[in-house]
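In what follows, chain A forms one complex with chain B and a second complex with chain C.
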Partner chain A sequence: MLKFIARRILILLFVFFVLTIILFWMHIRLTEFDAERLVRDYLYFTGSIVRGNFGISTGSKLPVIYELKMYLPSTLELIFFSFVLSFAVGTVTGIAAGLNHHSVFLKGVTAVLRLTTSFPVFWLGQMMITIFAVELKLVPTSGNISLFCEVPLVTGSIFIDSLLTMDPENIKSMLNHLVLPVIVLSFMPATQFYLLARRASFTISEMDFIRMAISRGQSQFFLARKHIFLNIIPSILPKIKIILCNLFSATILVEVVFEWPGTGIWISTAVEHSDNAVLETAIFVLAIIFLLTNTLIDIMGEVFFPEKRRINLNI
Partner chain B sequence: MRFLLFITFLILLNGFMHGAAAAEHEGVIYCSEHALPYMNPQRYQYSPIASTLAKAVYERLIGRDNKTGEIVPGVGKLTRLSRDQVEYTFVLDKTVKFHSYGSFTPTRELQADDVIFSFNRMRDPGNPFYEPFENFPYITRTETLSNIKDIVAISPHVVRFILKEPDPDFLDFLAIDNSVILSKEYADYILAHNLPPEYIDYNAVGTGPFQESSFIRERYVKLKPFPEYRFDKPMIKKLVINRSWKINKRLSQMFTNECHIISNPSASQLTFIEQHRDRKELNIFNRKTVNATFIIFNTRKDVLRNRHTRRTIADAINIRDLNEAVYFGLGHYIIGARAGTNNIFTPDTEPSSEEKLASVLELRRTPLRISVFESENGGGNYQIKIAEILKSDLESIGVKSEIHKYRTDTGLRKLRSGNFDVAIINVYSNLESVIAPLLACRKTVRRRQSDTEFMNNFTGWCNVYFDNIMTSLKNRRLSDHEKMSLYLNARHILLEEMPLIPLLYSSNRYVALGNLKGLRTTAAGGLDFRNVYFDDDKPAESAGTAPAKTPAVSGSGTPENPGRTAKVQKDVSAPAPDKDSTAPASDKDSTAPAPDRNRAPAKGGS
Partner chain C sequence: MKYQNYDKVLSDRQIFWHFYKKSTADVIGLIVLFLILTVIFVIPYFVNMDPYTQDITKRLLPPSWVDGGELRHFLGTDEFGRDFLSRLLHGGANTISYAFLATISAAVAGIALGIMTGIDRHHVRSSLVRHSFDIIFAAPSILIVFVVVSILSPTLPHTALAIAISLLPRFIHTTYNAVKHEIVKDYIKANNLDGSSYLRLTMECIVPNILSVITINFWEAFAVAVLDISAIGYLGLGAQAPEPEWGSMLISGMDLIYIGNSKAIIPGIAIGITIAAISQVGHGIGRVLTMGEKKWL
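Right after this comes the complex of A and B.
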């Protein structure tokens, strides 16, 4: 196991090296090429970005790290909530569908989920805004909190910051703004989780120990909870990486549609003003977060579900 | 895991349970498409958004009356002007208090030091907050600043500007919305705490009716009333200026109570808005801006060197259709039409048919490049529309063209290097004439970056006679008659030579909720929120009359402060009963002098 972890970390370091090379190329591509200084410049550049010194934004003339602290947590909380929601909804309905694969209702669910994923996420977001915000007036159309609410910037995540104010008005407004983007963002990963869980639990339900359990007369809920859920997790875990990857890119789009003040808006403004320092930072930080999560998931899979204890489901 | 699930579901339930925020009538949210890069109007162009910010948060040394155009006192009052017109002495109001910001609390009232600091940061390279001239885009001429020899404090409340030579535009410069007074004490605070000097442009410490409660660059400005403001305090408790990128979203936000005022809806939304206006749910305000749009020709190019080809292009454009299509017919012509002619650009002498034919044939040879620039201050969409109309107009006479879009900075580089054929540009100006700087001949021998007088002439066209007329028009001692004849001469040259096509002053359109009253527009086309309030009781009927809750006291001494007079509110807060009545309303309001005088040649012509 230690060997596996060491290998993962080595791969991580290699990818990190490639990433810094790309960023360094982005950084120097407009300047004159000077072979003598190249290595020294690269080391200096890498050293400073590792220390969190991302340079100065050409737009605001302030250190990029100031804005990063404000925008990144907003994106992460959006990703976090939609991941949790989609995982919960997707696996629960997926297991139910796998156990009752003849149910017409659950076939309908499959159809609806497949349909919603085939819409691009920005279009879906716009439609949801039109229906739930403009027509039904249930939720606001954009932003992460009402502009009248005064929430001091502590962590940058509006969820935590508004909870810290302990003001029910702020919390209410925050939840109100959070719900629609999270749902829109959750459709795609939920479908993927649903399909994975359905396939895996269907395969498992054909196995002898499940048949045994059924013949003992155990309820479906008990089966799902005790036998199926934990056994399909190792098969789903490696796929989470791909799902997260899609989630990261979808978040950028959803943020722009909902004007959610996260990295999506930040990047699009930076592109508009050709603010290279901001772009480099955003790419670097998002890539690093993505890499770290992937490595973490790999290691977690190895630690909690070692190879010999897995059921190979081939999904 | 269960806890996380629980929280997530709680959010979903909660979010849908409460519904959209109820109408809280304590604050106003203004959603605009304009960029909000700074809190300091000095760093903006002379534009609607800068004017909105400047009126809300800051005050000026002197101001201009919105109606009569006369110079009126601001925080200072012009008490003496030396006989040689180079020494301006101002006495400052002793009761002007500054806002506090964060941990900074002002300990003194406004003094001469603050005035000196506000202007010295723009002209004195030794000042720690100094920025080069280019970073104050509202100043269109270098001489304005370089002509100031010194600013001295005679006493803590008397300040004297000493100029090198008389400048007729100097008071205009002081009175423009962007020439705000900053706090020297706050600047010292920034230095003492080792904060970045840029903070002076991001954190507003002014003396205006609203003070900053938070500002996030390019996203929003949150303001609250300043309790120690000298005059009537604003009636709303919060004011938010929100940058909203998408035009469709802005309109839908009006119905979810996320915006109370929006700027510049698109043409396709207009019918919808008008339906709601008829139901008294929405109001529409139109305001002429100081944003003039020109089509300029690069006269250094072979095909455009001949004035007949330039005139052929101008003839092809139907400016009235363009006005209808782009500005809903509300744009104001920079040059008015002569009586009896249909086309505004009809020159006094008609070219012969051979000349016309020759120029068309010449134009057909190679496709023209039409350059448009994405403007940071909005209006960029208009330019692309204008370019498309120009393209189709050119196609009707058989001339091919291509539209090239550039970002503002690359575009400006291309303009300066003369790398364009035809360009559509936007000019914000408070100067006497908006055309003069665009066509000025090179005056100084030195060619420096900041030599704007020359820098702004991208056409490469120079006519000494035209230039002289423009210079002599600055002389204020001219009689109206003399001015008129000079205008006519200038107009004649312009239309004969056609180095640029003066199109229109754009019109800003604001849509506000029907129960929002007391909204005024500023000379630059921005909004003034000082007297805004919600009137829920009688949303439809009470419009146009002075509401009971409005205090009768007006002005309280300083004319720059727009007192809450009934007449003033009548002008803008009255919901227009039919479609056409919006135009007169805006005309009535647009008596601001500076932009009107920009249209000087128009007066001569029409």
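Right after this comes the complex of A and C.
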């Protein structure tokens, strides 16, 4: 196990090296090429970005690190909430569907879910805004909190910040703004979790110990809770990486649709203004976050399910 | 096809179709995909369609079945008075052909790299090659497109290049796993002892046996590529005006959603149905090719 973790960390360091090379090339591609000071420049550049010294944004003339602290937490909270929601909903319904795979109703649910996830998330978001915000007036159309609420910037995440103010008006406004983007974002990962959990629990439900439990007269709820849930985790865990990756791509688009002040809007304006410092920072920070998450998930799989390693990870 | 007819030996294609048509949903997906491709790529050759001519007197016409619509413009016109149906078909041709281009180039490069690293006995070297692409795998596809488009310029071919780069690791990893699974088998060892070269081993033994994995992966990647191309068009970094493309048509329709909502709804439905058909066909092909190995629920 220790050998595995050490190898994983070595690979992480190597990938980090490749990432800094790419960023360095992005950084110097417009300047004059000077082979003599290339290594020294690279070391200086890497040292400064590792220490969090990202330079100044040409758009807002603010230090990039300051903008990062403002925008990154609100993206992460969106990802976090939709991930939790989709994992809960997708796994529970997936287990129910796997245990009752002959049910016509659940087959219909599967078909509808597969069809829904084929539609692009930005289009679904806009349609939801048109239906629920403009026609039914249930939720606000855009933004992350009402303009009338005064929330000081503490962590950057509007959820935590408005809870810290302890004002029920702020919290209500925040929840109203949060609900629609989170639901729109959750469609895709929820379907993926649903399909994974359904297939895995169907495979497990044909095994002898489940038949034994059924013939003992256990209820389906007990089966799902005690026997199935923990046994399908190893087949879901390696897929979480790719689900998170897709979720982030969707988050950028949904932020643009809902005008949620997160990294999505930050990056797309940086591309429009060719704001290199912002772009490099965003790529560096997000890639590091994703690399660390992937490594953590791999190591978790190794620690908790060592027998699955050869099948799932293929290092 | 009847089983009583024993004098006829079924070809591979007939066997494939026999099992493919057992699922109604997959057959519907195939028919829909065929219709979409026909309408997009064949009809413009026979009907005079002009997606570029502007007619300022006929701006924002609704579809012909709504009051005020004209049959000359079946789906109405956009904000410059251009025929919406022509733009939809030309945009679909752009979206689907560039997505296909991106997928096929990613597939060729990814499969070559996957096989190379798979049959390489040098562990460190093959591990380094595979994991240097991990950074792409870790980064979301939209982010890669942002990088490529900001370095080059925002045009459709550059977007296709970016999407090909983002699809590459997916092909490398699946091909590598399939090759590793295949290469320990005895017939490969026998071929190796007979003195086959690496090229012969690859082309005659490994590629035919991992073809099912590659095919399934190809269809999944194709659906992702269509979605990504339209997403980039939506962000305004793909096709540039006046070139029609489904994603950029969608964003210009979104601006008009409270004036004429058909301009925003129709491209979205077109993208959704295309992706649904592609993934359904991929699902069916995967079901038939892995029959017996895996239960497709």
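Methods note: the second predicted complex is superposed on the first by the 307 of 315 C-alpha atoms of A that agree within 3 Å, B and C clash if a C-alpha of one lies under 4 Å from a C-alpha of the other, contacts with A are read in each partner's own complex, and residues count from 1 in each chain.
We take it that contacts are C-beta pairs under 8 Å (C-beta built on N, C-alpha and C of every residue); 3 or more make two chains touch, one makes a residue touch a chain.
Model, not experiment: these values are computed from the prediction.
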item: Touched partner set for A:Leu115, first chain B, second chain C, both or neither; value: second
item: Partner chain in contact with A:Leu38 - chain B first, chain C second, else both or neither; value: neither
item: Contacts of A:Val154 with chain B and chain C, given as first, second, both or neither; value: neither
item: Partner chain in contact with A:Ile9 - chain B first, chain C second, else both or neither; value: neither
item: Touched partner set for A:Met1, first chain B, second chain C, both or neither; value: neither
item: Touching partner for A:Leu253 - first (chain B), second (chain C), both, neither; value: second
item: First, second, both or neither for A:Val84, with chain B first and chain C second; value: first
item: Partner chain in contact with A:Lys137 - chain B first, chain C second, else both or neither; value: first
item: Partner chain in contact with A:Ile283 - chain B first, chain C second, else both or neither; value: second
item: Footprint overlap on chain A, comparing chain B with chain C; value: 130, 134, 274
item: Complex contact set, residues of chain B against chain A; value: 4-5, 8-9, 11-12, 14-16, 18-21, 24, 26-27, 29, 37, 196, 198, 202, 213-214, 216-220, 222, 238, 240, 242, 244-246, 249, 252-253, 255-256, 258, 407, 409
item: Chain C-facing residues of chain A, complex; value: 11, 14-15, 18-19, 22, 26, 29, 98, 101, 111, 114-115, 118-120, 122-123, 126-127, 130, 134, 198-199, 202-203, 245-246, 248-249, 252-253, 256, 267-268, 271-272, 274, 276, 279, 282-283, 286-287, 290-291, 294, 314-315
item: Residue numbers on chain C that touch chain A, as the complex places them; value: 25, 127-128, 131-132, 134-135, 137-143, 146-147, 149-151, 173, 176-177, 180, 223, 227-228, 230-231, 234-237, 247, 250, 254, 257-258, 261, 264-265, 268-269, 271-273, 275-276, 279-280, 295, 297
item: Contact set on chain A toward chain B in their complex; value: 59-62, 67, 70, 81, 84-85, 88, 129-130, 133-134, 137-143, 146-148, 150, 172-173, 175-180, 182-183, 259, 261, 265, 269, 274
